[in-house]
């Protein structure tokens, strides 16, 4: 037998083998695996690997300071989850849930970034840190040496923190720079309360849980991302009366809804007060006495309210006199009653006159008293004995064009200031706006010329003071749960380097160490005070501070994400109270309101077919930096409106010849903006709303034109007037230039 | 230049003129190729489809051309199994048109799926309960059958037939063609049906859902019926178009008339079934699912005219035209009837694909509309151009119409 | 996979629409838990990936009678799921032991037939290559595999969490057939406690009780898909949103919105 | 698709569905295999010429498929149903028997002498003729009609000595310009000598089995009628509108029709003459 290997037999063998192997699973399985393998390209992200652990911290993305459980895989901070039973709020909003993504936000700067805003190429570029610090230091020194310390300012977007003290001390050493805060609606409301009491350094502490009736002016209490959720009476909470121009979710959920016209908050509050005073519904004598308490010029609240009979206010508010009277009576009968101002959190603050009228209403209802639902608590500055100098100023107090160096603290990604507001304060082209921020965007980064990269949320220990209008004093630390980015620096370190560069001797306990010392000092203050309790998020237990013998124990607990809160609120004695706004400008303003110029009060000197409301977004404020995943709520589901989506009722839009989704041009006395029409029948006729909240993307909306206002506050004139929630606007059809 | 490749006695234009004719189609094919490349490289975001419009132009195209390509199997069935030899005159055209339609559909599907590299999973991980599985299996098998049916036509090329083996293979394949015609009819029956079943089984989409007959929804049978009604008409129209473009008489007129009448007979029965089905759908199916047919015809885009158009202008009207013996002998009537029939079946597929996705299901859904992107049109154009090019090449180099030469000499031989 | 002759577990969800305020926390929590990528900016509403999507629904009336409700819509995990039998590649599967409808992304070939089949629009397609901004992949959840482009994906009741819970149960030495309790990300994150999740077959469990409430309704119940996601509302008009459009319009005798 | 696939279940659905699928595949593939095997068998049996002729015949124009008995006046009009294989035609056999002769009587009587007389030739419908020789070989040539058409070919290709030819297969090639006349051999056999085209002969054949099959060839009497008809067809093809008939008497052929009618479709005309489709 011979083995005859011809080419033919070899081919036969190969053919047979090929056919045979086709019948085996081998090639198919190989194909299967190959198909899967080919899908696992390197650009498909790989999750981190490692042991799972948890750390507790406090969310620092908005003032509420919710408890947060950070999930870590190895050393990677991958996600944040709410802490059930946490005293601040046992929940997290989308901002907080996405906190882990904030460290990798695409606009994060990876070095000292600078740009020439006026030049041909306004793009950010990474520059030499030492040279930049040197230049800034020289500027500071120059200001100091020429005695113009007030041409240096720091904007602290969240006052009351340890960093706030460091900022103040820095400014003090620079010879008296300006310390500026920018209150949001909640803070403004709390600030307006200050005049109500003769005792200083007290903050209002409304506690809806103690109220039987709550009258709320516009705030999305049942709908917001903020922790101030109130359950309506129907669901076991207090009787909730909502004053809201829009048929919002809160309005629908509330037990009563008063669809008052936009801007009529003050007249409505005053009309309710009128009924309380003139119908003597304020039951006891002490409250009646307040109504007749004469002011310096002899005017009384009763006199100021005389103009606000419900019949007159009905015209300006769109409510019937009966509605107003019934509401007042319901409030009087439903004591303890509480009246909350604030307004739509997405817009700017309510005006001082509105807040005053609202606090007065609380006064008349006996809310501020032993049986009321409105207590007081020590202000954070008082609690921690923060230096009073330099005094906190409002941004509007700073003259335009007066600053050489403006430092903006950007550890809070969103703020109630607009880019234009900030830049106007700079001295012509020479002023420099320096952001201490992780991002080349957001409230601090957007207007900046220079960004000094700081730690992102979760990378450092920042303290979280009590939010405005919270029922109790509280304090917590946002602890460091993630590995700090190597290219970033602690804001206190930047301060120290600036200080050194400006030719001053940095204190021994400066920089990061100084911040740490202040944090510890605060823990010590609380421990020494001995009141209140500490909530441990890891086990949900609460410990009395009195049981803590050592300040380090409290500091240790805070470092583990614990939350301190005071047990009780304080009450004010009658002698410490006086009604607001019975004198001077405020009274005059009120009188003008009674004249029926409700909207004109907010939109002075302008004409327009629509009333434009800023707000309706759920976020803290305009310009906030948000995690990429928030796009799910904006672009991908249309749940939240973007800042180019003009909510307007179908009837009004169609009257303007605009269909759903039509591009339109919105013109206010302060600017123009291309928008897209979004039907929202919850709005009354001739009212449009533009969300001032974060806008993660332009959502495919019309391209910005050169004269386009990018900031909604600017569009509403925030740079010109303190209250910018309402503005008159015209709307006309635009033609898609970029079709 | 290429005379030696062209059947003797067939009058074909010169090569440069032929290339000139191909040029625009090649450009369209290049557009299709560019689009396909973009889609393969970057993914389907180049289309205008979205999560609501999961199906778009391509599925409509697939469904329509597969329905129109039904002429291939149906005429094969008529010729080989029912021995209606007059259809032999257009059978080659039917096979090539069928091949173009099916291969075009498969190429389009390969572009349409998000992971073309896994397209074979439809076989490997076949879910036998899915109508789409049935479609995939059947059209792949049927494409194989069409390829086998195409081979003998190619082998009869003037050059190839001089290869001794080619003629022998062709002869033997041809002798067994009845088997392929039978298998083709079987496969086509199922996948035409399954394409309808694809929509009829969507129990979450009341617009498409239909009651079952046995294990299949009624659309299964309606799709078969409409496809075989339109198939002969389409072949008739294609033949007429080829006759018009080449300015030649290629088949006897009576063949065209018979194709038309065949369509007419089938279409009239189909329309009766379709009307009955629609009535059952409106009266029984929809109320049972909590819907009302009126809801589906409320938008600007899809009014009640859709239903009206489908049943009358694209149904009753061509059926009455094509049923009439005298009318089918008059070319204008025949063209009108055939065109309406073909357009009707395409319209039916369009409605089933697009309106199903367009109409709301949940009460708060909106009517949506969709317009294909440039790339989607590109692929459509590419497939169309591919068909024209393949047919043109076949017409030039293969003997598609057995009667062509004789008809040429009898009519003056030009 | 193990199959039980008689299922003792059928996970189900109850969403109280009277508590939902449309904050979108569930949507974000879901995306974070399940590594749902963020498509590039050209992707609008209909190209997104939102396993849990919150839909604004109104009563069709004009101000001041206008009312809005926000409806979170995850995959309904229908008992008679229209998506399972349509998938040609067996990439959609019912896990008999949990009632969860799973989607196997590595097997999906992207034909999107399931998406056409789903009346709840709860399925999403990766129109884009899933990408994360630089570094962001360090925040991905290792319990859930990221997907690739060209495949469908949807809510799976946080199967990654179920697996973790099972691991934990096994580590604690509990028998494998004992039902495990776990909470999907949306239910955990909902600030208003609107989402309840659990085993509907559990005797006396919260789900069974909620599902029996008179306020309970299903989306498109008449379709016969038998969803395992139940909605609650005391408002009659909200309960009608689960019906088909026409029923709803009849329900309050008004013209259709925007008609 | 295969039971080895992950998650394959032996349930009714899979069995029925895949059963049908594999049956269909089996039918298709086995039919294909059968066709290929048959083709191979036909090749082995050297039937490719028969098959090719079979295919070609079906594509011939009707006027080229008339029965030979039209030429002798038996029928007025009859189309051949036997692909010119008159031996297979019962009618022909009956008619031939009635005529009292078979094909063999046409072998020339004289030994050695070439049968120069056209009367002794048998004609193939492809315009070739066959002359039997006493030694059992046959001469094959091109008839006058085809010769006059081609005129002076640029090139004549004839099979070399020793080539085995199968009847009906194109074997010789007359090329003029870009036109070819592919001349089929009327009978099978091995080439024993190559002739001279000018002299009218192409080659000499010896039948493989000693005796050539001649029953399908036309006898001279039939051929004359047939030739006239062919001439008429040719005239019709060559007559352009407004031109007079060139072959009025039908007898005298112009020696070079291709030269005389350069615009005619000679490719098709020659194919027609050579019975090529």
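Which chain is which? They are A, B, C and D, in the order written, and residues in each are numbered from 1.
Simple rule for what comes next: contacts are C-beta pairs under 8 Å (C-beta built on N, C-alpha and C of every residue); 3 or more make two chains touch, one makes a residue touch a chain.
As the structure is a prediction and not an experimental result, all values here were calculated from the model.
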Touching chain B and chain C alike: which chains? A
Specify the chain most distant from chain B by Cα centroid. A
Can you identify the chain nearest the overall CA centroid, using each chain's own CA centroid? C
Does A-C or A-B have the larger number of C-beta pairs in contact? A-C
Just the number, please: Cα centre separation of chain A and chain C in whole Å. 31
Just how far, in Å, is the C-alpha centre of chain B from the one of chain A? 61
Taking the mean of the CA coordinates per chain, how far is chain A from chain D in Å? 98
What is the distance, in whole Å, between the centres of chain B and chain D, each centre taken as the mean of its C-alpha atoms? 41
For chain A, residues that touch 2 or more chains besides their own: 28, 32, 39
For chain C, write out the residues touching at least two other chains, lowest number first. 42-43, 47-48, 55, 90, 129, 148
Any chance you could list the residues of chain B touching two or more other chains? 115, 118, 121, 124-126, 129, 133
Complex interface listing, chain B residues touching chain C: 42-45, 49-55, 109, 112-116, 118-119, 121-122, 124-127, 129-133, 136, 198, 201-206, 288-292, 294-295, 298, 356-357, 360-365, 368
Which bits of chain A are touching chain C when the two form their complex? 36, 39-41, 43-50, 73, 76-79, 81-82, 89, 91-94, 97-98, 100-101, 103-106, 220, 222-225, 229, 235, 246-249, 252-253, 257, 259, 618, 628-633, 635-640, 649-651, 660, 679, 681-685, 697-700
How about chain C: which of its residues touch chain A in the complex? 18-19, 21-25, 27-29, 31-33, 35-39, 41-45, 47-50, 53-56, 58, 61-68, 70, 106, 129-142, 144, 146, 148, 188-192, 257-258
Once bound in the complex, which stretches of chain D touch chain B? 1, 5-7, 13-14, 16-18, 21, 24-25, 27-28, 31-32, 34-36, 38-39, 42-43, 47-49, 51-52, 54-55, 59, 61-62, 170, 178, 265, 267-268, 271-272, 276-277
Interface with chain B, chain A side, in the complex: residues 28, 31-32, 35, 38-39
